[in-house]
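These are the structures in question, set out in turn.
After this come two complexes, each holding chain A, first together with chain B and then together with chain C.
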Partner chain A sequence: MIVAARIFFVGGLTSFRALFYWLTPWIYIPTMLIAPIFQILLFAYIGRSAHLRSDEFYVIGNALQYSSIPCLFAMAQSIGGERFQDTLSAILVSPAARIPLFFGRSLPVVLNGALVSAFSLAVGSLILGVHLPASSFAPLALVVLIAAFSCTGLGLINAALSLRIRENAVLSNVIFGFLLIFTGANVPLDDLPSWMSTAAQGLPFTHAIAAARKLANGAGLGDVGGLVGAELLVGAIYGVAGFLLLRWFETISRRHASLERS
Partner chain B sequence: MSSLRLLGVSWWLQFKMIMRSPFDGIGNVIYPLFFATTAFFVFRAGDSPRTLIYASFGAAVMGMWSSVSTSAGSAMQRERWWGTLELLVTTPRHFSLILLPTTLGLATVGIYNLAATLLWGRFLFGVHLTIAHPLLFALAILGTVLSFAGLGFLFAVSFVRFRAAWVLGNFFEYPVWLICGFLVPLSFLPGWVHPISWALAPTWGMSAIRESALGGSPLPDIGACVGLGLGYVVVGVLVTDRVLRAARVSGSLSLT
Partner chain C sequence: MAAIEAAELRRTYKTHTGTFRRRAKEIEAVRGISFAVEPGELFGLLGPNGAGKTTTIKMLITLLIPTGGSARVLGLDVVHQAREVRKRIGYVFGGERGVYERLSGYDNLRYFAELYGVPAREQKRRIEELLELVGLKGREQERAEGYSRGMKQRLHVARGLLHDPEVLFLDEPTIGLDPVGAREVRATIASLTEAGKTVLLTTHYMFEADALCDRIAVISKGSIVAEGTPLDLKRGVAQGSVVEVEVFGIADEALERVRALGGVVAVAIEEREQAQVLVVQTEPDVELTQAILSHLNGSDVGRISRREPTLEDAYVALVSE
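Coming up: the complex of A and B.
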């Protein structure tokens, strides 16, 4: 039990610091702290230009959706980075239990994703003069955390695919793009074709963004319990699917001796 | 003449390499389409007098810029990874003649981005485009490509001392999308942003493409776009000399 806890917490943190090479300030500040602000500004002004929704709509949508960048890329690097450094075989040949090994790598990613979203929400609101009621701060923080958790579940699938796909940066960008369109971050779900708004129900962020918008408009946490629960469920399903996919691809990679394919 | 031949041959070589790169040839082409699709949905859902045609041209030039900004910023970093930077720097030709074809190749991929986005709008969103001045439209695209290559070249040489050069290139993607009038009219932006927009060739390239397509008078915009592009190249050449001299003096070209 203690070994598993060590692998989960210490191993996860060590892996995150070693493999998520964006942690240097030269990369972290422009990519994680400034870029989301410009994404918010871009869509807020596009919204003004198109006469669609208020600035608040775009601040909340994009602040939450942008956490997909750290969540998807960091999870992909947690596997792809090991392969790049020729340490993947050493990790997978170890007898370490896979649940703490893989899920431990997710915990720092969730926290970092939530931090990026919270920072973007706060700074974006300040710049565009969006007022968020003080009573919504704590529930919003919880929703931001759950949104990052949910996307990290999807990130685990992305990490698994990194065992089979070399270009995980391209794949991460493609997933980011789908989340930008489908989740209601910028386009109200009612204005999407019905098949897209239906598909959105199974994606990370959709329910969290809806919940955050309601909270910002004065709803209580109890009022958005269903949305928060749905977001948690979506994240959990992706997390379990990602773990199973990792185990499957690990087996296949051993069979085909393709762990170190470069 | 030999310089033109060098530019032509290098441009073709770089273009072929870019088209075979999963990130530059596929990723940089697909990625802007997601933003274009979002913009199409936003403009279709909104009740602005600005139409999907406005969004279509804006999104298309967004794609052109995307193909240049990220990859041009890291153009020299890539050569460094491949171990070819020192060899290229020591060639008898001026280094700018070696580097400029790279960003020109990236900007050329932007034409594919432009066409792909316009076709995307046509077939998925029913945006019917009629080009009022086809020749001027082609000239506007050519001028925009050349100016993007010039700006990309300036990025490439300016970021050579940074290990994380790709971040700086990536960093300029959103701001240029925002302040160069692609999807947001300049009049919506604060007054202090306007001079910055006017100093950026993409602003004039965007305006030239719209004017030529919609029946305006694009020649002044084309002139401003190409003029600024040439200005970037001149500044880039001066920066190249300075940066390479400093790198040689300090032995830091490889950044190892």
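Coming up: the complex of A and C.
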């Protein structure tokens, strides 16, 4: 149990340091802290000029949705990067239990994703003059964390696919586009075609964004319990599916030597 | 009970060519090999590139499932008891990749100590011991990206020993190292059997296998072509002689004609500075110098010499068969 906990926490953090060495402030600040503000401003000004929704609508939607960049890309890199550095076989030949090994890698990703969203929410609100009640700060922080968790679950599926395909960044970009359109970040679900709003129920962010907007409008955490629970459930389902996919690819790699292939 | 046992071990790969009209092709990398390594023995698997050494080692360390035969490590089946096997073995591969470049040598070891379940209170002592053993003491806080190839290779060795495994698999651990670095790694390997470890070493350097191994199996094209102590293998090819002819631009047809001569055991071409050297091993009491030269029409011929066979020639003869 202690071994598993150490692999989860210490191992997870060490592997994050090992695989994200290239993430210097010169890359991190423009990509993770400035780019989401551009996205928020773009959609907020489109919304203003077209007289659509309030600035608050776009700040919350885009701040939460942008954590898909760290969550999808970093989670894929946390597994695919091992393949790139030729360290994957050393990992797989170890007897380490796979649940803490793989899920431990997701913990720093969740925390980083939440940090990116929280920063974007705070700075986006300041720039556009969006007022968020002080009482909503703590529940909003929780929802931001759960949204990052949920998207990291999807990222784990992305990570598993990186064991089979090299062009994982392309896939991450495509998923980012889906989440931008489907989750209600910029277009209310009611205004989307019905099949899209139905599909959105199974995607990360949809419920978290709805919950965050209600919290910003004065609702309490208890009022959004259903939405928060749904977001957690979506993330958990993706996370379990991603883990099972990783295990499956690991098993078939022993049979087909597929980890050696490009 | 043998520490490592392979029985009719076989591995085929399926590859595909073409994008639209895909064609499957089956490659036999390992063709039913059998051998046993006793506890405390240093066993060498010697063969040229592509002979099946790495595929064999990958099956033994549970990374690949054999397509035929079976293998056991410490009595445990490598397919069905993979996790138990992994707890008891260490794996070291050659080359400078495979370490976390931006982590220090110490953190590289610490991470794998976690994965192998080395208790936290023992990690520091164990890592210190291993740094001492592989000669990285004093450099452990530096990032691995600044290490030489030899240092990275010794870091690999330390990583493979973190959990004090009973059996160690070393896959071409001196590949690409300069002579000094290779000598340091070989000294580390030699000390492992003194510590009671069972070691399976793959290499394509005959002299390395000769210097380190208790027994050697020579593998060529997926099959074991000779097995025994280094002395046994030397005896097998100690007779005969070697004719070396310095040539400049030898045609493939000429090479084939020399190979077809009666009394020729093996033919190889070696690149030495500006020239190629045709190395012909012959059977005992056979004089082929004139016959060889008669087939080299059209090539510029330089120095010609005749000498006794070396271990390198023995190896070439075995893998050329």
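Here are a few things to note about the model shown:
Assume the second predicted complex is superposed on the first by the 259 of 262 C-alpha atoms of A that agree within 3 Å, B and C clash if a C-alpha of one lies under 4 Å from a C-alpha of the other, contacts with A are read in each partner's own complex, and residues count from 1 in each chain.
Note that in this section contacts are C-beta pairs under 8 Å (C-beta built on N, C-alpha and C of every residue); 3 or more make two chains touch, one makes a residue touch a chain.
Keep in mind the model is a prediction, meaning the values are calculated, not measured.
After overlaying the two complexes on the shared chain, residue contacts for A:I46 are found with chain B alone; chain C is out of touch. Of the two partner chains placed by the overlay, only chain B lies in contact with A:A35; chain C stays clear of it. Of the two partner chains placed around the shared chain by superposition, chain B is the only one that A:L180 touches, whereas chain C remains out of contact. Contact with chain C, but none with chain B, is seen for A:R17 once the two complexes are overlaid on the shared chain.
In the superposed model, A:L192 lies in contact with chain B only, and not with chain C. The partner of chain A that touches more of its residues, comparing chain B with chain C, is B.
Of the two partner chains, neither chain B nor chain C is touched by A:R247. By the touch criterion stated above, chain A contacts chain C in their complex at residues 3, 6-7, 10-11, 14-15, 17-19, 21, 85-87, 89-96, 101, 254-257. Residues 24, 26-27, 30-31, 34-35, 38-39, 41-43, 45-52, 166-167, 169-170, 173-174, 176-178, 180-181, 186-188, 191-192 of chain A touch chain B in their complex. Chain C makes touch with chain A in their complex at residues 13-14, 58, 61-65, 83, 86-87, 89, 91, 93, 95, 97-103, 107, 110-112, 114-117, 120, 159. By the touch rule above, chain B contacts chain A in their complex via residues 22-23, 26-27, 30-31, 33-35, 37-39, 41-48, 50, 55, 162-164, 167-168, 170-171, 174-175, 177-178, 183-185, 188-189.
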